[in-house]
Every structure is written in C-alpha cells, then in structure tokens.
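First chain A sits with chain B, and in the next complex the same chain sits with chain C.
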Partner chain A sequence: MKTVNQKAWFFVLPVLVLVAFNALIPMMTVVNYSVQETFGNNIFLWEGLTWFQQLLTEERFYKALGRQFMFTGLILVIEVPLGIAIALSMPRQGIWVPVCLVLMALPMLIPWNVVGAMWNIFTLPDIGLLGYFLNNVLGINYDMTQDPIAAWVTIITMDVWHWTSLVVLLAYAGLVSIPDAYYQAAKIDGASNWSVFRFIQLPKMKPVLTIAILLRFMDSFNIYTEPFVLTGGGPGNSTTLLSIDLVKRALGQFDLGPAAAMSLIYFAITLLVSWLFYTLMTKDDLN
Partner chain B sequence: MQKRSIVPIIYILFLLLPIYWLVAMSFKTTNEILGGFSLFPQTFTLENYKVIFTDPTWYWGYINSISYVTLNTVISITVALPAAYAFSRYRFLGDKQLFFWLLTNRMAPAAVFALPFFQLYSAVGLFDTYLAVALAHCLFNIPLSVWILEGFMAGVPKELDETAYVDGYSFPRFFATIFIPSIKAGVGVAAFFCFMFSWVELLLAKTLTAVAAKPIAAIMTKTASSAGYELGLLAAAGTLTIIPGAIVIYFVRNYIAKGFAMGRV
Partner chain C sequence: MAKITLSNLRHSYYPNPTEPSDYALKEIDLDWNDGGAYALLGPSGCGKSTLLNIISGLLVPSEGRILFDDKDVTALPPDQRNIAQVFQFPVIYDTMTVYDNLAFPLRNRGRDETTVKTRVTAIAEMLELTDMLDTKAAGLSPDNKQKISMGRGLVREDVNVVMFDEPLTVIDPHLKWKLRSKLKELHQRIKATMIYVTHDQTEALTFADQVVVMQDGEVVQIGTPVELFERPAHTFVGHFIGSPGMNVLPCDLRDGQAYFCEHQVALEGAVVGTPNGKTEIGVRPEFVTLATSGLPATVSKVSDIGRHTVVECDADGSKISAIVDGAGPERGAAVFLQFQQNQTRLYVDGWIATQAEEAQS
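So, the complex of A and B:
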C-alpha cells in the first residue's frame, strides 16, 4: 500500500521540468505555426484553421497516411508472431542464452542511418550480397530503385531485421518468468503443446506483449531515418511514409504552416491509436 | 530440444548477414568494390580504417557521439532515480496522469520536433553543444528510465526503507548507500536503454549540431554525398559505430530481458 505524500512532487520536479522544456515549448511552437502563414523574416499572418482544412482534403496526405498504416500493419503482422515463435524456441538456460541475447540485440544498437546505409549496400543489384544473389543466382529481377514492390519488400525486410529482436527479448522475458510448476501441472493434465501455449504461455506473456506491440506501433509509425536513407521515399512516391512526407514539406518546401498542421494531426493519430490499444489490452485486467 | 534450436540459429544468421556484408566491405579497396561482386575481400586492406583514425573530422565524430550519449545517460538516470522512487513509494496528486503524460512523449515523431528544437536550442544559446543533444534526447530517455526504474523499485519491499529510518539513516544517505545498490541491476538496464536510444537517434542530433558536436553518423551522411562513392570508407565507419553498442550490451546481457519485463503495464 502506497502512502499519500504530496511532497513526492519535489522528487518528480526535475523530470517534469526537463521533459516539459523539451516537450511543451516545441509543441507550442508547432501549434503556433499551424495557424499562421509565414513569408520569412519573422513575418506571420493569422490563418486560423486553413492549413488543417487544406490538409484534410488533400489526396497527398491520405496517400502518405495509407502507406504509413500499411507499413506499420505489415511489420506488426510479421514481427509479433515471428518474435513469439523465436522466443518460444530459444533455450531457457545455459551458456547459449547470453550469446543469443547479445547477437539478437545487435541490430537495435546500430545508428538508424547506418542501418539504412547497410541495407543499401546489402541490396545493391550488382555488388550487394542480397541483390547479387537474387539477380544472378536465383534469376529474379530485383532492383528497388526501379520497382515499387521490391522497394516495399526491402523496407519491410529491413524493419523485420532491425526490430523483431525487441519482440523476442520481451516475449522471452515473459516466458522465463513462468514458474516451472505451471508446466508440471500441464504435463500431469496431459496438455498438448498448443494448449500449453494458449492457456499458460500466451496469458503470461500478455503484459510484455502489450509493451512490445505498443513500442513497435509507436516507433514504426514514426519511422523516418531508415527508409529515408534506404529508398528516399521512392521510386516515385511509393515508399513516402507520413514522416518522410512531413520532412519534405517542412524542410524541403519550407511550408511551415501546413507541415505544423500535419505534425499535430500525425501526433493525434499516434496518440489515439496507442490509447485505444492500451485501453483494449488492459480492459480485462480491470474487470 | 535440439530440433527447435534451428529457429534461433536461422534467425541469428539472418541478422548477421547484412552486418557481415558491411564488415567485409570495409576491408575491401574501392577498386575491388566497384570492380564487381566478391564474397570475401580479395585484397584485404586496413586503409579505410586508417583514414578514419587519422582524419580528425572522422574520429572527432566518434568522440562527439560518445560525449553526448554519456552526458544524456548521466542526466537521465540522475533525475529519473528520485522520480521513479516517488512513483513507486507514494501516491500524490496527479501521479497517474503525470506517468501517462511522460510516456506519451515517446509517441511524438522526432520529425515533428526537429525544427522547433533547432529554434529552441538556438534561442537559449546551446546550439552545437553536447548539452543540447543530451538534453534533447532526455525527451524520450527520461520517460523510459522512470518506467524501467519504477518497475525495479516496486520489487524492493518497503520494509527496507522503514528499517533504515528506524536505524537513524537520513533520506539522502539511505537512498545513496542502501537503496540504489539494491536496484543496481535496474540502473544498469535503464542506463543501457538510454545509451542505446541516444546512440542510434540521428534526426535530432543532426539538427542540433553543426561542427563542434556533430555525431559520427551525420558525418557519414555528409561524406557519402560529398566524397562520391567511397563505399569502403563508409562501411568502415559504419562498422565502428556497431562496436560501442556491442560492448555495452555485453555488460548487461543478463539483465536486458528482465528490464522490460519488470516495467508495469
């Protein structure tokens, strides 16, 4: 039982100040831009909700949003089951556990633009290992700078390579926390592998899987650097995800107003989906 | 048991292939790379690494990156420790709302914040310093540290605190000499995640620096466009960015999986 103590606020204060400095001031700047027109030289004109209306009636925005949802949906559908499957087949103890964990965590520790550059080198049709293998050994015509489908397969594969380990680590953490007694009881009852998974392992993994899916959703929905370095949003606009489109507007075209309006809508969508998912996943626990 | 270990093995091979290609590329000469496909370096060379270790614009990139990452880790953990203690031990006005608000900061796309961050840190005169990047990365590292540390602290029984006060310990002395040592695994895990997310983030780090604090990963991008097609050099620089992470993860290998599992949902 926790005691009520309002002085605890003093302990939280440094965190509050630092995060507020980084979160609130930039957020207010964005809100400020989103309702104004700028012509440079710090001249601003009040525009009201014009940018929001313009954006929400624009095909370009919906297309980028659609691609973003497709990307996030695809990587979740692949990474979550794959991560669980790998975690289930990992050894529970012994010297191979740390070896597996260190090797699996390696991709997550590589700077994001290096990840993009690395996959670029890896998939070059003439001198990349994967590109060369696909084109010259398997005879598949693969060139992601020309073919939108190849570009999509490549960014999805890159993300699976980059982040499946996060799901593995979390699912594995959930698995090792299950006491042996549960398995013994299941064995006595003659439970099949599937029912052990369905009624013991999956429920026990639920809290960590919630974190895993939430983190993967937030990070993949905001992904920018890796696909930008790898494909630059091309060929054409086929891999221009929401964040790439946003940066194009803000820094490329310097349309600060529309870009700011887009940022706010973007943030609101991320927040809404995360909140819905979080509420759905934790609803059963409350009842 | 033996049969199913094939799955992790295939997965790890899949993870290592692109890394192998990067490392192999870094030992090749530019001529060999452009000359055509070769599975192993034919003319093994250390020339690419020599360039990086002798050219200040290259090796300063590493020093810059490691400096702001370390600074960020220290700041994040220092402020997160008392906050996590407050969340794990006390109820106070607005505690739940505050906790959720902290977590929402992970949801804001860095792309959204890039330009306002640039203006904010220019306005307070911190642009192009280690401190600017370290403070900016606090946006996502502090919430994560609070979250992880709170999970570990909740696992320490409250009797520990009470016994210490009965024994006449003051709060700061109890916190520093008894409490923190009892959750040092949690501190290790939180520090690891701070290090990791600060090390891999580039968009903000690049936006907030020009020359003096420019991270290595940004120097790579610049070199890639200005020096033409020097793939070998890029591959060597990329390979070197993997090493710090690999060293850090080796130290926390036994705690890493536990870290997230103990965070509350």
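So, the complex of A and C:
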C-alpha cells in the first residue's frame, strides 16, 4: 500500500520562505510602487498605468534603452568570437593548462566597483598610465571624461577585459570534452582547419556557448557598477545605460513610481530576450 | 588498394626510450596482403591501437618504416595515405545530414557533385542507410551512427586500407552480430584490405582470414583462426583464444619425456632442441577426456555450457579443465584424465617446443 507522506512540504518550506523574502516580496513592492504615487510618509495615491504610459512615450527612456542594446550588442560581438579564439589557442594538456586557466580567471575575481575604479584611474588622461601614454606618447587625443567616443571605447574595453574570460572558460570546457577520435577522423577525411572548426568544434561548443551568451547578455544588460564608477553615465548622458538611468530616477529624482514602472519593463525585456534566445538555440535539440 | 609492409617498426611514447619496457611496440615486421581481412587481437594495452594509429598516420613511429606497395609513407599525414579508419565510438558530424556526412571525405578532396552522388548512393545502399540520407545524423542510434562512420571510410573508391578500432564496443549485443556479418559481406564486395582491431576473440575469429595476436607490444602469432586454435605458438595464445583457454601445466623434462606430478604425459612429437627454462605442458580442454585410468584428479567445479559441460579438476594443485559431452561428474568426485596425444604440446618459456606429428594419411 502506498502511503501519502505530506511531510515533504515541510522540507520545502525554508526555500519558499527564502524565495519569498529575496524575490517575491521585493518584486511585489516594486509592482505596488509602479501603480501608485507617493510623497513619502506612507501616503499612496492610485495612478493605474500612468507611469507605464509616461515612460513608454518618453524619449529619455528609449535613448537609454538604445544605449543599453548598443552596449550589450558590442560586447557580445567582441567577447564571443574573442573568447572562442582564445579558447582555441589555449593548450589542451601540459603544465601550461592550469597557468592559463588561473590567468583567465583572475579578472573575474575582481569586485565590480574595483574594476570600475581601476579603469578610471588607468585611463585618466593626466595621471592614468594608459591615458597618459595615449595622449603624451602616441599623441592620440583621448579623454573619456570629455569625449563620448572615448568613454564608450573605455567602457567596452573594460567589459571585454573583465568578462571575456567567462566565454573563454566555457568554450574551453566545451573544447576539451571533444574526444580525440573526432580530430583523427577529420584528419583522415581530409578536413581543413576551418571544416574542423565549423563541423566539429563549433557544434560541440554550442551548448556551452548558448549558456555563455545568455549569461553575458543578462549580466551586460543589467550592468551598473562598473560604468557608474568609471564614467558615472557621462560625459553628458552618453554612457547612461538603462540601470544608471533607473538609479538616477529612483534615487536622484526620487520618482519612485516611474522608476518602479521602468524596473518592471526593464525586467520584462531581459526576460523576453533571454527566453527568445534560449528557445531559438535549443529548438533543434528537442526533435 | 595496396599491400602494406611494416618493417622494423618500433614505437615508444617516451622521448628517450632505453629499456625494452619503454616501448609500446617492440620490433614489428609484418606484411598485410592486398585485399585481406585481418584481425589484430590482443588484450587492452598490448599495443594494437598504437600499431593501427601508426598505419593510419596519426602516429609517427620512433623507428622503422611503413610501405604501401613499396612506397614509403612513414612521413605522410593521414589524409595523404588514402586510408580509412572507424573508431571505437561513432564519429559523425552532428550538424550534417547522413548524406553530407558520407559526402564529406569526397567533397574535401574536391570531387564533383555527380561523382559524390553516385558514390554516396552506392555506399548508402550497401549499408542500408538509403532511407535515412536526408535526416540529421545526430539523432540516430549508435549502430546507425557507426554505419555512417564506416560509410565515410568506404566512400572513397581508392582507399588503401580500412581499419576498424574496436568498432562494436558501443553497439547493443543483438546488433553486434548483424553489423559483423555486414562487415564480412562488405569485405567480400569491396575487396579492400581490412584490419580489425579487437580484444574480443569471437569478433576476430569470425571476421578475419588471418589473425595477428599481440601481447606486450609484440606479435605472438599470425595464423588462420583454425591454426590459432589448434596449434597455439605461445601459451598466451592458448589462454587468450578458446573458452575456457588452454590448460597450461608445469612439468619436468627427463630424457625427452614430460612428467607432470611424476605422471608421464605423452607429447605430440619430439622436443625441439635442448630446452632451457620453464617447461610447461599445454592441452586444450576440448582434448582432455575423463577416463578410467590416467592422471588422477578431483572435480572442483562443473558448469553447464549448453551442449557441453566444462569440468574443472584439481590435480595436485593445478587446475585442469575438460570439456565433455552431456552431463559431467559430481563435484568432489575422483576422476582420471586422459590427454589426446596429438594435441598435447610442450612449451618452453611460453613458446612451443614440440614438433608437430608427421602428417598421417
């Protein structure tokens, strides 16, 4: 006879409580703010979808969103091929493997605000090593505090420096899992290096690359600390990404309602793009 | 197609080998005739895969030469040797269809699409892959995947040799038999030289006309399946081939006569030379009979293997197996064993040391 044991619910309870406190309750608070107006003192006025309508008709939001997509797009276009290229050129065996892996992992171990501060100091034109070198030795006019293009080059370079390693490590893991027989068979079949990459390495790396791209998309789309410390969103608003704009609204202008509405839209975009991407990448595996 | 000659081949995975044990392959001299079906049989780690990779060009031997039809190919890479190799695990190109998989080696060599189509269709027909040509190769079952790997080997019409490196390892038992007979059939149709590496004696004996038995990087015996069974040149071959393997019993040699536990054992013929070393008697369980007189022994185990019974006996601490028809004696029974004289041989330091009985006809 099968006995129904309800005790299992008891064991799930801690997780439910945890999820409630770290996700559900804060999220519902945001939902609460997004449909009301508040002037502090716990006084709330119902506003309905006003904040959403306001936001979606506002140029400022679309500009920030555009910058955000540009940032994420650029870093993906650079980091993914670069990461694959580095992973391909790393040794597969021998004493250099751990050395390479540790070197690769180092940038990822540095706290995000430290990365921002490092690159800020590094690139300042008067005191930074790189900034000084570019301006005074190579004679290139480079000042990320004044010039939007220089600012963009700097935040992209910083992100590439910080996160390409993630793509490298995942791609490398995919590469080392390919059995030798594949390379041997390809040699016997007379395959060129490009064919080996196109028909063996790339397909075998596909699952890990999907995860890598997904992680890099979500992380870069939500990036805040590094560009905030590095450029503070400037010069002007040229590097004001979505998250920076959001914080300006919520904490700078204290527009809690519009900020909450923006958070929800921001969240929905991240979720939608991630879901679309993942579904498209894995649809072949299902059948 | 070509005759393959291995001359003074030695290989070590160490940069500066000194001891014989540093060598994965010790001194191999072998000829593989054009169109032959060969098996390379030996336990794991005996050097058979190393030998295979040297023939295919994936490994360059430390010493010696490989000739294809008297042309030295030792330094040539695999794609210039015109060989095909099927690996233990099926290698397929996941993103391609079955057709593209089979066409891949031809397209890489710049053949025109009409030739590709003719060849692929013919090979698919032979391997019964025709209905799957348009499907993606990734979702197929292991035996079909392995057929694709074979097909990629066979699709080139000028291939010198097709090598199989334990190709049935991941195949379900009931399909193994099917694929094995398919291979045999393919060999008869294509007439290419085929080398089949395995540690499974059944696979080797059913596939090959000539079996090369290897142990510790050396070739121990080359022969037809019958020769290997009937007259093992080394006790290792006796052990390795046959189920159960050959009985090997320690013996003393006095005046050209062999004695096991002070019991004289008649040998097939005269002892060759003056034996110096460990002497042993070898006789297959198939040629041991239970009789009313002979070598006294106690039955220690009886196992029914279908039409026959394997009777394991203990004679003065040595284990002797006999295969008898019908039911065997009880465990613990006292029996007498007789060895069929023309199948009883002397081995010195593992190597055969008796002359075969003169052919009587």
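In the analysis below, the second predicted complex is superposed on the first by the 270 of 287 C-alpha atoms of A that agree within 3 Å, B and C clash if a C-alpha of one lies under 4 Å from a C-alpha of the other, contacts with A are read in each partner's own complex, and residues count from 1 in each chain.
We take it that a residue touches a chain if its C-beta (ideal position, glycine included) is under 8 Å from a C-beta of that chain, and two chains touch if they have at least 3 such contacts.
Treat the numbers as computed from the prediction; the structure is a model and nothing was measured.
Trainee: Overlaying the two complexes on chain A, which is it for chain B and chain C: clash or fit?
Mentor: Fit: chain B and chain C sit side by side once superposed on chain A.
Trainee: How many degrees apart are chain B and chain C as seen from chain A, counting from C-alpha centres and rounding to the nearest 10?
Mentor: Computed from the C-alpha centres, it is 80 degrees.
Trainee: With the two structures laid over each other on chain A, which partner does A:Phe267 touch: chain B (first), chain C (second), both, or neither?
Mentor: First partner only, chain B.
Trainee: Pick one for A:Asn222: touches chain B only (first), chain C only (second), both, or neither.
Mentor: Touch partner of A:Asn222: chain B, not chain C.
Trainee: Tell me which partner A:Lys187 touches in the superposition: chain B (first), chain C (second), both or neither.
Mentor: Once the two structures are laid over each other on A, A:Lys187 reaches chain C alone.
Trainee: If we overlay the two complexes on their shared chain A, which of chain B and chain C does A:Thr3 touch? Say first, second, both or neither.
Mentor: first
Trainee: Tell me which partner A:Ser195 touches in the superposition: chain B (first), chain C (second), both or neither.
Mentor: second
Trainee: Which of the two partners, first being chain B and second being chain C, lies in contact with A:Trp46: first, second, both, or neither?
Mentor: neither
Trainee: In the overlay, answer first, second, both or neither for which of chain B and chain C A:Pro179 touches.
Mentor: second
Trainee: After superposing on the shared chain, does chain C or chain B touch more chain A residues?
Mentor: B
Trainee: Minimum Cα separation, chain B versus chain C, post-superposition (Å)?
Mentor: For chain B and chain C in the superposition, the minimum C-alpha gap reads 16 Å.
Trainee: For the complex, which residues does chain A have touching chain B?
Mentor: Spelled out, the residues of chain A in touch with chain B are 2-9, 11-12, 14-16, 18-19, 21-23, 25-27, 29-30, 85-86, 89-91, 96, 98, 100-114, 117-119, 121-122, 126-130, 132, 136, 161, 164-165, 168-170, 172-174, 176-177, 207-208, 210-211, 215, 218, 221-222, 224-225, 229, 243, 246-247, 250-251, 256, 259, 263, 266-267, 270-271, 274, 281-282.
Trainee: Help me check something: in the complex, which residues belonging to chain B touch chain A?
Mentor: The touching residues are 4-8, 11-12, 14-22, 25, 33-34, 36-37, 39, 75, 79-80, 82-83, 85-87, 89-93, 95, 98, 102, 104-117, 119-120, 135-136, 138-139, 142-143, 146, 196, 199-203, 215-218, 220-221, 224, 231, 234-235, 238, 241-242, 245-246, 248-250, 253-254, 256-261, 263, 265.
Trainee: In their shared complex, at which residues does chain A touch chain C?
Mentor: Going through chain A, the ones touching chain C are 179, 181-182, 184-185, 187-192, 195, 199-200, 203-204, 287.
Trainee: Please output the residues of chain C touching chain A within their complex, sorted ascending.
Mentor: Residues of chain C touching chain A: 53, 56, 58, 77-79, 83-85, 87-89, 91, 93-96, 104-105, 108-109, 139, 149, 152-153.
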